[in-house]
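Let me begin by presenting the structure, written as C-alpha cells, before commenting on it.
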Amino acid sequence: MQKIGVFICWCGSNIAATVDVKKVAEAALREPGVVFSADYQYMCSESGQRLMKDTIKEKGLTGVVVCSCSPRMHEATFRKAAESCGLNPYMVEIANIREHCSWIHKDIEEATEKAVILMRAAVAKVNLNQSLTAGKSDVVKRALVIGGGIAGIQTALDIAEAGYEVDIVEKKPTIGGKMAELDKTFPTLDCSACILTPKMVDAAAHEKIKIYAYSEVEKVSGFVGNFTATIRKKARYVNENLCTGCGLCTEKCPSRKAPNEFNEGLNTRSAIYIPFAQAVPKLAVIDPAACIHFKTGKCGLCEKTCDAKAIDYNQKDELIERRYGAIVVATGFNVIKLDNFEEYGYAANPDVITSLELERLMNAAGPTGGTLLRPSDKTHPKKIVFVQCVGSRGQRPCDKPYCSKICCMYTAKHSMLIREKYPDTEVYVFYIDVRTPGKNFEEFYRRAVEQYGVHYIKGQVGKVAENEGKLRVYGSDLLLNEQVVIDADLVVLAAAIEPDESAKKIATMLTTSIDTNNFLTEAHPKLRPVESATAGIFLSGVCQGPKDIPETVAQASAAAVKVVGLLAKDQITCNPCVARSDELLCNGCSACEKVCPYGAISYMDKEVNDHGKREVRRLAYVNEAVCQGCGACTVACPSGAMDLKGFTNKQIMAEVDAICR
Amino acid sequence: MTDLQKQIENIKRISGANPEKCMRCGKCTAACPNYSEMEYHPHQFVYFIENGQLDRLLKSDSAFRCMTCFACVERCPRDVKPAKLIEAVRLTLIRRKDSNYLKPDEIPQKIDEDLPQQAIVSAFRKYTK
Amino acid sequence: MQKVAEIAQKRAIQLLNQGAVNRVLGWKKGEFPYDETPAVFASADELKDFVYDSFSSPNLSKYLIEESRKEGKVLAFLKPCDTYSFNQLIKEHRVNRENVYIIGIECGGMIDVVTLKNRGAVGLTGADDDGENITAHTLYGDVKVRKEEVLLEKCQACKGKKHVIYDELIIVNPQDEKPRDRFAGVEAIEAMTPQERFDFWRAQLSKCIRCNACRNICPACSCLQCVFDNPKSGVASKASPDTFEEQLYHIIRAFHVAGRCTDCGECSRVCPQDIPLHLLNRKFIKDMSAFYGEYKAGEDSETRPPLVDFSKDDVEPCIISDKGGDR
Amino acid sequence: MKYSYYPGCTLKTKAKDLDLYARKCAEALGAELEEVDEWQCCGGVYTTAQDEIATKLSSVRALTCARDRGQALVTVCSACHNVIKRVNNDMAESEYVRTRVNNYMQPENPYKGETKVIHYLEFLRDEVGFDNIKKAVVNPVKRRIAAYYGCLLLRPGSVMAMDNPENPKILENFITAIGGTPVVSPYRNECCGAYLTLTDSAAPEKRSGLIVDSCEKKGAEMIITACPLCLYNLKKNGGDKLPIVYFTEILAEALGIK
Amino acid sequence: MSVENKEFKPTIVAFCCNWCSYAGADLAGSGRMQYPADVKIIRVPCSCRVNPMFILRAFQRGADGVILCGCHPGDCHYSTGNYYTRRRMTMLFDFLDYLGIERGRTRVEWVSAAEGARFASVMNDFVKKVRDLGPNRKITDLRCKPVEKEGE
C-alpha cells in the first residue's frame, strides 16, 4: 500500500477563489492510500516545495499528488523536489485544478466537486505508480553528414572544430553542391566560388573530416548515439589513391558529348571528367554511359594517357559500414522540372532559361567564359525578361504551394549585375510580390530599381512565343490593368526549388518525417528547428525548407552545435516512460512492430520460463533508447503484453474508474 | 442580403470558382488572347466579384467578349478559374428577362456560306438563354 | 466425398511411411459419428480412424500453433477457408511454416448437425453426401434433404473454394464458386433502427453463458494468455456478473480480432447458445474493406492488417455520425 | 474493333470532308465506326455553369447509347469532343449534375460517366498506334505541316487529358507518322477567336491572322486542324497564305484512299 | 424529457494527448473559456495510447460520453500516432453504433495546442449532445436479459 501525500495549491486566488481547497484536502484523506493532505498558498514557491519535501521525509511518503496548475507548468518542478529528498520523481502526479477547473468554472460548488474528482483520479493513479529509472546508452563519438553542399560542409567543419570525427557523404563526384554553381551572392555580390572553395579545401584537409564523395547512404539502423550506416561508394573507375587530378585524360578523351552537369547542361564534357577546376576531391571519374570503352570495349585512351596508372575499368562499387552517434541530413534542393510550364516556352526555346542556368552563363568558369550570350545564336541579349514565381505559390498539382524564398533576391542580383556589365541591355522583371525580409535585402532590391533602372512590373507572364528570333512575352501590368507585350532576347524563369529527390528515401531510412512537399519536418517549428522528430537526427539547409546561403550556414552551425551537444556526452539518458513488453504474455505477432514510428521494437527468440514450462519464443523487445513513449504499440497488442510505463493500462483505467465513480 | 450580394453568391455557386484564392498575379490577363477587345480583363472579373463590384461587370459587355478558350483557367497557378466566373457573369446577364445578347433576326446578315453550324449553335448557347 | 477421404488417408500413410512427415493432423469420429474432432495420428495404424466427410467442420489451423513447434514435421489437411486462418497465423509468426506440410483438401460445404436434426434426422447415425443431397441415416430410417438447406452458416457464406496456401492439393470433384453474399446479415442489421439493433443484440448477447467456447475455438484468439484471464491486465474479474469483463467481453473480443479474423465461422458454429457471433466479426470486416480498401485477412501472409496501417487521407471517425440515422 | 461514333452536325453539313475521311480511314485501318443512334447536336460549346442541366442532355444521350453498346465513343470535331468529354466528366464526378440529369432523362440504367470518350486522334495514337499508321502509309506526305490544336482539344487539361496542354505532341507525331515534317508554332494552342466570329469579327481576325502568320514564318506549307470552326476562322482571316485542311483529309491522302 | 435533461449532469471523460489537446485545454483555461464541469480530462501521451478498452471501461463505470482529442492528422508529435487512432476509433464507433449504442456518446476531435477556443466550443457542443441523449444505460445493459413484457 502506498503512503500518499496530497498537496492542494491555492495559486493565490487563482484556484482558491473558485475551489474550496479545504474541502478538497478533507476529501483527499478519505481516499485509499492517502496519509496526509494539506493546502498551501503557493506550492511552487520555495516554502511550498519545502512543505512537500518535509512531509515526504516526516511521513515517509511513497507517493505525492499535487493539485495545482497544469503539469505542463510545474510537473518537472515538483518531481525534482521529490527527487531531492529521495523519492522517485515518477511517484509524483499532478491534478490540474487550475487550467482545467478553477479558471473555467464560476460556481464554487461545481468547481470544488470537479477538483475533488480530479484529485481522486490522480490519487488512484499514484496508487499504481512505480518507481521509474531512466535507461542509459553509450554514444558513438562520430557524426555522419549526408550531403556535401554548403550546409553539409559547414556542419561538418563546426563538428570537426569541436573535436569530433565527422564523415560527409556526397552523391556527386565533388562536394560543393549548388553554391559551387553560383556566380555571385546577394546582397554583397561577392564571388560564390571565392567564399566556398576555401571551405571545401578546409573540409578536405581537416584531420577529423572524412569525405565520401560519389557515395550514397544505403541503409541506416540503430538509434540515437548508436547508428550504423551502410555507405555505397560508387565505382569511379579511377583509383583515387593514384589519380593526381592532372586532367590529361579529360583532354584526350574522344567522347565529348555528355551534357555537363556543372554547367546545367549548357555545354558538354568528356566521358572521363573532373566536375570543375576546384572540385574536392579533385579526381577524375568515368561516366560509363558516355564512355566508349564501356560501350564497345575499345578506346582505352585515358588508360594509355594516365602516367599514374590510375584508370581501373574493373573497379566495383564498395560497401562501407560505419557507426555514428548522430546524423545530419543536408541533402539540399533542385530546381523543379518545367514540363508543365510550357506556356513559358522553356522546352521549345533555348533562349528561355532558368536562373540557375543564367548563373552559369554569367560565370567566368561557365560555358561562355562569363560573357552573357544567348544560347541559341551566341549574341548579346539586349532585352531580358525575368519571370518570378514559376511553379512557386501555386495550387495545381504541378505547382509548389510554398514561396521558394530565394528568387526575389537572386533576380534582383541578376538584373543588377546585367545592368552593371551591359548598360545597353534593358531588364524587365515580372513579379507578383517582391519579398525582401533580410538584412540589407530591401536596400539591395531598391538599388536594382533606383540605381540600375531595372523595370519591375507587377504582374505575371501568360505566354512566351518565339517570333522571328525574338521571344514575344505576353504579360500583365496590374497597376495599369493592361496586358503588356515585350519582344525579348532572353527570358529567365525563376523556377521553384524543391527538396532533392533523395530526401524522401533518406527520411524513410531514418524514420523521420517529411511534409507534403517532401521537406523534412523539424521537431518543433519554433523551438527545435534543426532537430528532426527522431532523436539523433538533425537537419541542415534547404532539405528542411527553402532558405538562402546565410540562413543555411546559420542552420548548419546550429545543427552542428546540437550534434556536438550530443557527442559530448558519454552516455545519454532516456525517457523512462517507454513501452515494455511482458515476456510471458507476448505472442510475437509483430503488430506492435508495425505501428512503431521509430523502429524501436525488434524481435528475438528467447527462452522463457512460463510457470515451469521452458520454451523458446519469439518475443518483442523495446529499445528504450529509441522508444519515445507514444503508446501506439500498446493498443495494437492483442494480448496486453505491451504496456507503457508511467501510463499503464491499469493506471489509466484506475483514473477512468475514479472519474466515473 | 442585397440583390447584388445574392447575385455574387449565385455566381460563385454556379461557377464553382473561388475568387478568394486569387493571389493577384495577373497571369489570366497576361494569357488572355482577346485582351484587347475587353473593357474589363479576366483578373478584374475575379477582383470585382471578390469585392462586390459586380455591377461594373454587369454594365459592360466584356463578358460577351470572352472566347472561353480556358487559357486563363489552365494557366492560373491558384486554380481560380476566371473563365468560369466570366461565364457565370454572362449567364447572370442573359438570364434576365428580354436580355438575350444575340437576337435570332440578327443572324442572317451575320453568316456567310462557309460558316459552320457550330459557330451559330455555339453563339446561341453563349449569348441567349 | 468417400473417395476424397480414401485418397487423403492413403496419401497420409504414404508420407508417414516415407518419413516425409512425422504426424498427421486430421479428423476422427467423436462420441457420435457426426461430432468429429481434430486428431493427431502418429502411425498408419492410427490413421485407420481418419475421417473426412461433410461433418469435418473443425478448422485445424489453430492446432498447428502447438503442433508446428514440436519436433519433426506435421501433415495437416486444410479446407479452403482453413488455409486463410493458417496464412494469418503465418503473418503473426504464430506457426512454424517449415514444420507443416499442408494438403489442401476439397470442400463441398459442411453440414450443420442441429439443422439436420431439426429436419427430422433424429437419432442420427451417419450421412451420405452426393454433393446435391444429404441422405441422413437415423435409427428410424433414412432422411433425405437438400444439402444447401442444411449447410453450416459459415458454408452458406463460403469465402471461396480456393486454397490460399498449400503444398499439395487433393481435389476430386472441382467445386463451382457460387456467388455468396457474406454481408447480407450485417446489412440487415445495419438497416434496422438503433433501438432495433440494440434490442437484437441485447436479446442475443444476454444469452451468453461465458463458456469461452468462441474464444477457445477461434484461430485469431490464440494469445498465450488472454487479457480476460490475466489478473494483471485490469480487465479480468471473474466474480461478479456486472463487471467490466462480463459486460463487454464480446465487444473487446471482436475488436481484438478485428483485421485478423478470417471469418472462418467457428465461433458461431461452436456457440452452445446459438449467438450469431460471426455477425460481430463480419461488421468489422465489412467496415475495413469499405473504409480502407478491400482486405481479406489471411489471403496472403504479408499485407498489413488495416488496423496496424493508415493512410493520410483516411475517413474521419465522424463518418459514423454523418451516415445519418436517428441522432 | 467496333467503336461508337459521334459525327456532330457540322460534319454532316459544312465539314463533310472531316467526316467522310474519318470513316474511310478508320475502315482502312481496320476499325468500324458505328454512328450513335439518334444523336443530337452537342450544342457546340460546353456551358461551364454547374446549374446548366438541359445543355448537357444531348451529350448524355450519346454517351448512354455508347455505354449500352459497350463501346468507346469516338468523336472527330474538337467542339463536340470538348462538350461530350466534359459532360461525361460531370456525370462521373458531379453528384449534382448526375442526379439531375438522370432524374430528367430516366434512363433504364442511370448514367454515371462509364463511357470512354476518345477523340479520333487518340483513336489513332492509342488504339491503332502511330507505328501501324506509318506502316499503312502509301503516299508519304512529304510536306512541312503546322499542326493547329486550338483550345478545345487540350483544355481544361485535367479533364481533356489528351496531351500536355502547353506542349502537345499528338498532332506532330501524327504528321511524322504520315511522312510529313511537323512545324511547331508557339500559337498552336492559342484560341482562333471561336464563335466570336458571329458577333465580333475583330477578335478572330486578329487571332487567326497571328496564328497563320506564325505558321508561315516558321516555314509551314500547310496547316492541319480538327475543328471546323478553327478551319473557317483560319481560312477566312489567314489571307490565303497557306492551305488549311482537316487532319483526316491528309490522313486519307497518305493512306491512298482520297 | 427536456426538463429532466436540464438537471441531468452527465459524466464525461475526455482523453487528451499531452502535446496538442491537453495543451489546448490548458489554453482554454488560461483564456478563461467556459465549458461545463462535467468534462474530466485524462492526460495520455498520444491519442494512440487510448485503448478501446478504456472507453468501454468508462461507459461501463457510468460515463455518459467519452471524447478523445488528439493532434490534427499530420501534426502528431509522434508523427503517425493519430492516424492509428483515427482508424481504431472509426472502427470502434461504427461497431458501437451497430450494436445500437447511441453514436452521440463517442467522439474524436483534433484540437491543436493553439486551439483553446475550439477546445472549449468542442466540449460545450459535446456536453450538450450528451445531455440531450440522457443517461447512458445501453452499454451496461447490453448483456442483461430484457425485462419480460409481463413483468412491467
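Each chain gets a letter, A, B, C, D and E, in the order it is written, and its residues are counted from 1.
As a convention for this text, a contact is a pair of C-beta atoms (placed from the backbone, for glycine too) under 8 Å apart; a residue touches a chain by one contact, two chains touch by 3 or more.
Small disclaimer: the values here were computed from a predicted structure and weren't measured.
Note on connectivity: the fewest chain-to-chain touch steps from chain B to chain C number 2. Of all chains, the one whose Cα centroid sits at the greatest distance from that of chain C is B.
In terms of C-beta pairs in contact, the better-connected of the chain pairs A-C and B-D is B-D. Rounded to whole angstrom, the centroid-to-centroid distance between chain A and chain D, based on C-alpha atoms, equals 49 Å.
Centre-to-centre spacing of chain A and chain E amounts to 36 Å, using the average Cα coordinate of each chain.
Between the CA-based centres of chain D and chain E the separation comes to 57 Å, rounded to the whole angstrom.
In chain B, the residues that reach two or more other chains under the touch definition are 36, 71, 75. Of all residues in chain A, those that touch two or more other chains are 343, 463, 595, 636, 649, 653. Residue positions 166, 190 of chain D are each in touch with at least two other chains. Pairwise, the chains that touch each other are A-B, A-C, A-D, A-E, B-D, C-E. Residues of chain C that touch chain E in their complex: 186, 189-190, 192, 194-203, 205-206, 208, 235, 242, 244, 246-252, 254-255, 258, 280, 283-284, 287-288, 291-292, 306-312, 314-321, 325, 327.
Chain E makes touch with chain C in their complex at residues 52-53, 56-57, 60-61, 73-74, 80, 83-84, 86-104, 106-108, 133, 138-146.
Of all residues in chain A, those touching chain D in their complex are 339-343, 345, 347-348, 463-468. Within the complex formed with chain E, the residues of chain A that make contact are 70-72, 96, 98-101, 103-107, 110-111, 113-114, 117-118, 121, 513, 516, 533, 577, 595, 597, 628-632, 634-636, 644, 647, 649, 652-653, 655-657, 659-661. Those residues of chain C lying in contact with chain A across their complex are 69, 91-94, 222-227, 230, 232-235, 256-257, 260, 304-305, 307-309.
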